[in-house]
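Each chain carries a letter (A, B and C) given by its place in the written order, and its residues are counted from 1.
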Amino acid sequence: MTLLALVALPFVGAILVALLGERLAPSRFISLAAALAEAALAGVAIADMSGRIVPSLSWAPGGILGMVPLSLALDGLSAPLVALTALLAVVATLASWGIADRPRAHHALLLALEGAVMCVFLAADLVLFYVAWEAVLIPMYFLIGLWGHENRKHAATKFFLFTFVGSAFMLIGVLAAISGTGATVLSDVPRVLTPSTQRLVFWLMAAGMLVKLPAFPVHTWLPEAHVEAPTAGSIMLAGVLLKMGGYGLMRVAAPLCPAAFAEAAPILFALGAIGTVYGALAALAQTDLKRLVAYSSVAHMGFVLVALATGTAMGFAAAMLVMVSHGLVAGLAFFLVGSLADRTHTRHIAELRGLGGSVPRWSTLFVFTSLASLGLPALSGFPGELMSVLEAFKAFEWWSVAAVAGVLLAATYNLRAVRAVVYGEPVERWASLADVSVREMLAAAPLVLGIVVLGVWPGVVTAMTEPAVATIVQLVQGGVR
Amino acid sequence: MIALAVACALFSLGLYAVLSRRDIIGVLVGVEIMLGAGSVLLASLGAASGASSGSVQAIGVMVLLLAAAEAAVGLSLLLSLYRTSGRSRVDELSEVSG
Amino acid sequence: MSVLGGWVTDAAGLFWLPGVLVLSAAAIAVLVDAFGRTGAAVRLVALASVLAAGLSAVAAWSTQLRPAVPGVYGGGGLAGCAAVVYLVAAASLLSSLDGIGESRRGGVAALIGLGAVACQVLAGAVDLVVMAIALETVAVVSYGLVAAGRGNVSREVGMRYLMQGSVAAGFLVFALAAVVGLGAGQTGYERLVEVVSGSPGAAASVTGILVLVALAFKAGAFPLHSWVPDAYEVVEPGAGVFLAGAPKIAAVLAVWVLFARSVWAQESFQNLRVALAVMAAASIVFGNFAALKQRDVGRMLGYSAIAQVGYALVGVVAGAVGTPLLVAAYAIAVAVAFGCVAALQAGRAKGRSLDDVKGIAMSRPVLAAVMSVAMLSLTGIPLTLGFLGKLWVFYAAVNAGWTWLALVGAIGSVVSFGYYGKVIQAMYFSEPEQRADEVAAPQPADEMEGRRGRVWPFALLAALLVVAGTIPLATGFEWVLRVLSV
């Protein structure tokens, strides 16, 4: 019941905002109330979960026609992501506080987006998983297209088409999986997929998930979408939507097709490693601050892919750590950059010099975020990246040097950004810039707290994910039980 | 056998008329010839196959009806077209690009 | 009385009652129209259609697929599709039939009524002769509807359509004759297929192909699609609401009932199945890519219709029980699309290019939202009925071993967002274009109000698309299957 409420609440909130916003109360208040209620509910649900093992992805014996798709479950694999979604939705609502153009629609779409993403993470049924995956596209498309920046039309369409292509392949993969296994419960599948079917299903599904991740070379939709999206959109996109890809690979693709996954591991590792290096190098070359953060997302998700590709319990746990950490860090980063851009009306690094003097609080937060992004020990980025590299060495030996290079390069672009923006020559224009307001501090606080806690005590997340990951990895490594 | 050949010949004749005539009336006549060919084939095959003559005749009448209906609609449309625009040739029907 | 009541509620009664209702309404409408009361005539047929839709829906819910009238099947999914046909006909009559001259509206209403009944019969035909008669009736109605639009262009396109259609009819008659010869006078599908499959392979295949050609022409599949874009571009949008969807339902289901139910079972017709698969794939590819370049919304919908028929034919090839759902969802969505175009165009003589829909989201938000729902359903985005249709058809294809075909279909759906999305983009993300004539002489507000077309029938249909696409996710597919699958 709580799970159903968890999925339904954002949608109910969206309808309430659409009907009552601006009439009963400003839409942002209703939206904030809904987001906070959702966060509380998520807390309750996770506390209630108490170490359940991975639920089975189910479908009825009658094949696709006899089933009821609405089947939800929460376990250690999805719990951290559910918490992340709830938290970032609150932050995004606070970030959209100043939206004056059609606020009702904006907040309603934000809430609908949250609901759809929740449904992806909570889905225990393959068809519901796919439906929610696709349903996420609609609110995001409208958010980018209606409230975005100059190039928003193109970015929105590119985002939609790219992700849709991936999803189309994923659909056929899902259908092939259902058709091939035709069984009820994942853990005692009487008919395992044959290796050739596994290959087909895995690559079809991976197509969709890798686009979402985004893995190199299908990442090209990301920079534009991120840059053109409004701040709240970027926060949700980077913080939550990208995690869907990694989650899908761990939850669906790998356990269903263990043999194909093992075969594909080197390719996935290569794509991930290239992603970390490429993302970092591209970030280094950017002149637009938001684009720089966007490419850093590509780099971080490369680590996720590297960790995933190892196929071990530690590797999956590391992937989850990196995902949660990146969600927090990227959420904070886009929030900061967005609020700055709203005030200065420019995102050009060359123009945004010497802000350390004029906006000290913002600068402190920005430095903090950059340090977290580059993986400073005691902040959230470190445990995940360390574990990823260690596992990668175990699995792929000296090839992992590429991932290590990614870690090193991460330092370069982050520090360069800090030096240019915070410590450059102070500029007249920004002398009287308004600093971070109380509301924005409130929004940033939980993220900062989360980053520190996760960095110092990663056990918070790994303790949750351990049992679930163990079962999945058993499936991945042992094939059928 | 002969009837089959005659029917096929008529059909091809009708098809040729449809494809090659430049005036719409000619095309419609070609269509009628094709439908007539069908009737010939029906009659001959019906007789040869030993089917109950009742059902074959019913189909034959239906084909006649069909031909009449098409002709009626086609001719009235042609007339309306000619009255308003003076066009009666196939290559003049060019206001919409294909 | 109770005997009569029992007889009427029996499936056969339910089957012929909707048809009789609409036919008599159409006949009376012609009479009423002759006395000059055009509006009453249109409303009469619309009312009859709504009643017929309700009756068919009841029949769909309470009966299975079974012979209803000799030569025609009814009940179950076929009755569900009949309900959709009547619904679409009613919506067509309720939209502003602006482009059709006052004097002709009654006749057009009667045509639509007749066409709806013919579509129902065509969809359920299990006898070749019945199928031929219904097919030709639908054809003649279509010629009339296309030609009834405004201006010379409509007549010309109608003439061309008629010429092409008559040739297809000629092929059909020839095939009928051949079938009579091969099948010794049998025209009912089951007996016919048994007998024909026993005869020499070439003759059987040729006959099958000829019948398929006639039906594929009506449906508008590649390579017999040439009439579709022109007809859709030129037809009066109100009439297009009916014309774009209902004949497609009928033709696709006619192919399904003949081939998927009877023919595929016979070994000797497997090469026909492959031919149909190739035709489906070609339609999907051609239709989607040709639609990308279009600026006129009608023409774009025409090319996209070719692709949609391709998806439906995938269902036929795979023997999918969800094929009626796919084609019914398409009919409803395209009806909404044309209805929105009609509402937009009311009172203006302008065409309907993408430039005309720019920025509509601000001035007519309900219209924009309804149109967006239709576009999303046509693309096959989840939470709409169109997605469910594609889901089942593609699943059946994968299950039956036609995975490549399902893949083509999925990619096609993605490409289709390229043009459906352009409409959404134009409506929401673009500024409205100030047209010179509107700036020079702005129309008084109340006059504009009265001349705005009706959107509410299409808003209802759009709501149906969303509700029927979302509820089954929570409750299971059973009730949708009951009503719209065979």
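Quick note on the criterion: contacts are C-beta pairs under 8 Å (C-beta built on N, C-alpha and C of every residue); 3 or more make two chains touch, one makes a residue touch a chain.
Please read these numbers as outputs of a predicted model, since none were measured by experiment.
Number of steps on the shortest path from subunit A to subunit B, with steps defined by chain touch: 2.
Chain closest to the overall centre, judged by the mean of its C-alpha atoms against the mean of all protein C-alpha atoms: C. Averaged C-alpha coordinates put the centre of subunit A at 65 Å from the centre of subunit B. The centroid of the Cα atoms in subunit A and the matching centroid in subunit C are 42 Å apart.
Once the centre of each chain is set as its mean CA position, subunit B and subunit C turn out to be 27 Å apart.
Of all residues in subunit C, none touches two or more other chains. The part of subunit B that touches subunit C in the complex is made up of residues 7, 11, 14-15, 18, 24, 27-28, 31, 34-35, 37-39, 41-42, 45-46, 48-52, 55-56, 58-59, 62-63, 66, 69-70, 73-74, 77-78, 80-81, 84-85, 87, 90, 93-96, 98. Contact residues on subunit C toward subunit A in their complex (touch as defined above): 321-322, 376, 381-383, 387, 391-392, 394-395, 398-399, 403, 406-407, 410-411, 413-414, 417-418, 421, 425, 428-430, 472-478, 481, 485.
Contact residues on subunit A toward subunit C in their complex (touch as defined above): 63-70, 127-128, 130-132, 134-135, 137-138, 142, 145-146, 152-153, 156-157, 160-161, 164-165, 168-169, 171-172, 175-176, 178-179, 200. For subunit C in complex with subunit B, the touching residues are 129, 132-133, 136, 140, 143-144, 147, 152-153, 155-160, 162-163, 166-167, 169-171, 173-174, 176-178, 180-187, 226, 230, 233-234.
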